[in-house]
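Input: a single structure, listed below in structure tokens.
Labels run A, B, C and D following the written order; every chain starts at residue 1.
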Amino acid sequence: MENRQWTLDAQNISLELAHRMIEAAKEKAAEIGIPFSIAIVDNGGHLKAFAAMDGVGLLTIEIAQNKAYTAAVSRRPTHEWYERIQNEPALLHGIVHTSRLVIFGGGYPIRINGHVVGGIGVSGGSVSQDMQVAQAAIEFASNLTKK
Amino acid sequence: MENRQWTLDAQNISLELAHRMIEAAKEKAAEIGIPFSIAIVDNGGHLKAFAAMDGVGLLTIEIAQNKAYTAAVSRRPTHEWYERIQNEPALLHGIVHTSRLVIFGGGYPIRINGHVVGGIGVSGGSVSQDMQVAQAAIEFASNLTKK
Amino acid sequence: MENRQWTLDAQNISLELAHRMIEAAKEKAAEIGIPFSIAIVDNGGHLKAFAAMDGVGLLTIEIAQNKAYTAAVSRRPTHEWYERIQNEPALLHGIVHTSRLVIFGGGYPIRINGHVVGGIGVSGGSVSQDMQVAQAAIEFASNLTKK
Amino acid sequence: MENRQWTLDAQNISLELAHRMIEAAKEKAAEIGIPFSIAIVDNGGHLKAFAAMDGVGLLTIEIAQNKAYTAAVSRRPTHEWYERIQNEPALLHGIVHTSRLVIFGGGYPIRINGHVVGGIGVSGGSVSQDMQVAQAAIEFASNLTKK
């Protein structure tokens, strides 16, 4: 008898959660005091929601989206990419040329109940500030969906 | 005496207005009963805010952004592009290859007090539905900023 | 009390089903007697499985993938695109420039138990032959997963 | 008398061999216990067969194809690229920008009876795991075609 798996269960982020995560990121940004671009992609790396805060540099628009994309499709935070490749010179000089791959901090996969449902990417400040803003949104989502 | 103009006044859309326009578009979408992708760009055609409503086809993500871009950078609604080129075969077969140019309905420049401050693009239904959703957001912005 | 939907259920095609669909397509191709390129993408339009039958023209490799992509992300067979836009000249001259959009036959969304789990695209013969090969795989999947 | 060579003998991988190599790679992957993307290209670098194992990160889809392409069109394993350029800074910082060139391990040319007939590329684990999976398929092909 047949016992194969024809389809795979997946979970995708809703627009409502994406919007709320952007609001949570904006609150953290207000605390820090500078503007950021904030991108949310779905579990396939496709743009779900985006906000460029007033006054943010235009270069951040693409970087934030690429961070979100990298985190969602590689299912790891973008800063782990550099940690992972720093001692492997072939990767350090090579894999960085992969389309839309970002190897520095500010992107995180969004995990809800064990599924990667999307990714968030933040750009606008230092890497550390970008990471803080993204983490605030990740923590918000984690608390919200635990209830 | 020199009497040249060294700088040009410009007005750009704020994130607050962009978000509210997306909310207005989503209300119209709920009325129509199908999901849409809604993109807002600034006066330089750069992405300002974006939302892909749950269940919308992924192809709409790029189309909505390109409509907003076309409308902002050409300062005319996207449907006027086709009207304008339909009797000029060289344009009809040529200018359509311009990067990101959309010649069908669903994109509008956002004009506030005589300035083009950005563009909105909507994709997800028929051209006529896309136009209705975008127009609802344009009217909302117009009323809001007149007050 | 909160009553929102934070995540959306999705189903994605398994590699096992993708491989079997390619085998079903190859059987139909053998019947017709010419080689085809056959592409299967997942529900986000990402390549899942691919086969270029011996002797097929190289141009078909991209076309088959783009048909599968279009069908998955627009959730309609590619031949319906032309039917849909043929009387709307603005779309006929405009939307065809959308990245990777194919408006002629040979691409079908793969629907399993009401979910679009991916898409199949076939290229190598006439449009009618491409459609027959793709349909054979779609029917195979439909019968297999009904059991 | 003219004694020029007007045509060049070539040998190209068949779909049957490509499929069997993918199966051999999947067996090795099962042994290692994680999913991989596996790509086979022909002797011109064009995609011949592809499989993304269930659960593999989406970023691997492009990387696996680029490894196979690099190996086939340069006729050397991708890891040799880094070895070759590491002490030539102009290459190390320059040639890595070549379209689709991968300089780290996981891609191998497929040589049958002295002809390069294609390439295989694997992505999904560490470089060392990717190399093991690709090598298993190369060894399988080598044994199969020796008989």
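Note that a residue touches a chain if its C-beta (ideal position, glycine included) is under 8 Å from a C-beta of that chain, and two chains touch if they have at least 3 such contacts.
For clarity, every value in this text was computed on a predicted model and none was experimentally measured.
Enquirer: By that same contact rule, can you tell me which chains touch chain B and chain C alike?
Expert: Both-contact set = A.
Enquirer: How many Å are there between the centre of chain C and the centre of chain D, using C-alpha atoms for each centre?
Expert: 26
Enquirer: So the centre of each chain is just the mean of its C-alpha atoms; given that, what is the distance between chain A and chain D in Å?
Expert: Centre-to-centre distance between chain A and chain D: 31 Å.
Enquirer: Which chain C residues sit where two or more other chains touch them?
Expert: Correct list: 5, 8, 14, 42, 44-46.
Enquirer: Select the category (line, ring, star, complete, other) that matches the graph of chains linked by touching.
Expert: Topology of the interface graph: other, matching no listed pattern.
Enquirer: Which chain pairs here would you call touching?
Expert: A-B, A-C, A-D, B-C, C-D
Enquirer: For the complex, which residues does chain D have touching chain C?
Expert: So the residues of chain D touching chain C come out as 14-15, 18-19, 42, 44, 46-54, 58, 61.
Enquirer: Which residues, counting only chain C, touch chain B once they are in their complex?
Expert: Residues 5, 8, 44-45, 70, 72-75, 88-91, 93-95, 97-99, 101 of chain C touch chain B in their complex.
Enquirer: Under the touch definition given earlier, write down the residues of chain D that touch chain A in their complex.
Expert: On the chain D side, the touching residues are 54-55, 57-59, 62-63, 79, 81-82, 86, 92-93, 96-97, 101-105, 127.
Enquirer: Which chain C residues qualify as touching chain A in the complex?
Expert: The contact residues of chain C facing chain A are 2, 4-14, 16-17, 42-46, 112-113, 115, 117, 141, 144-145, 147.
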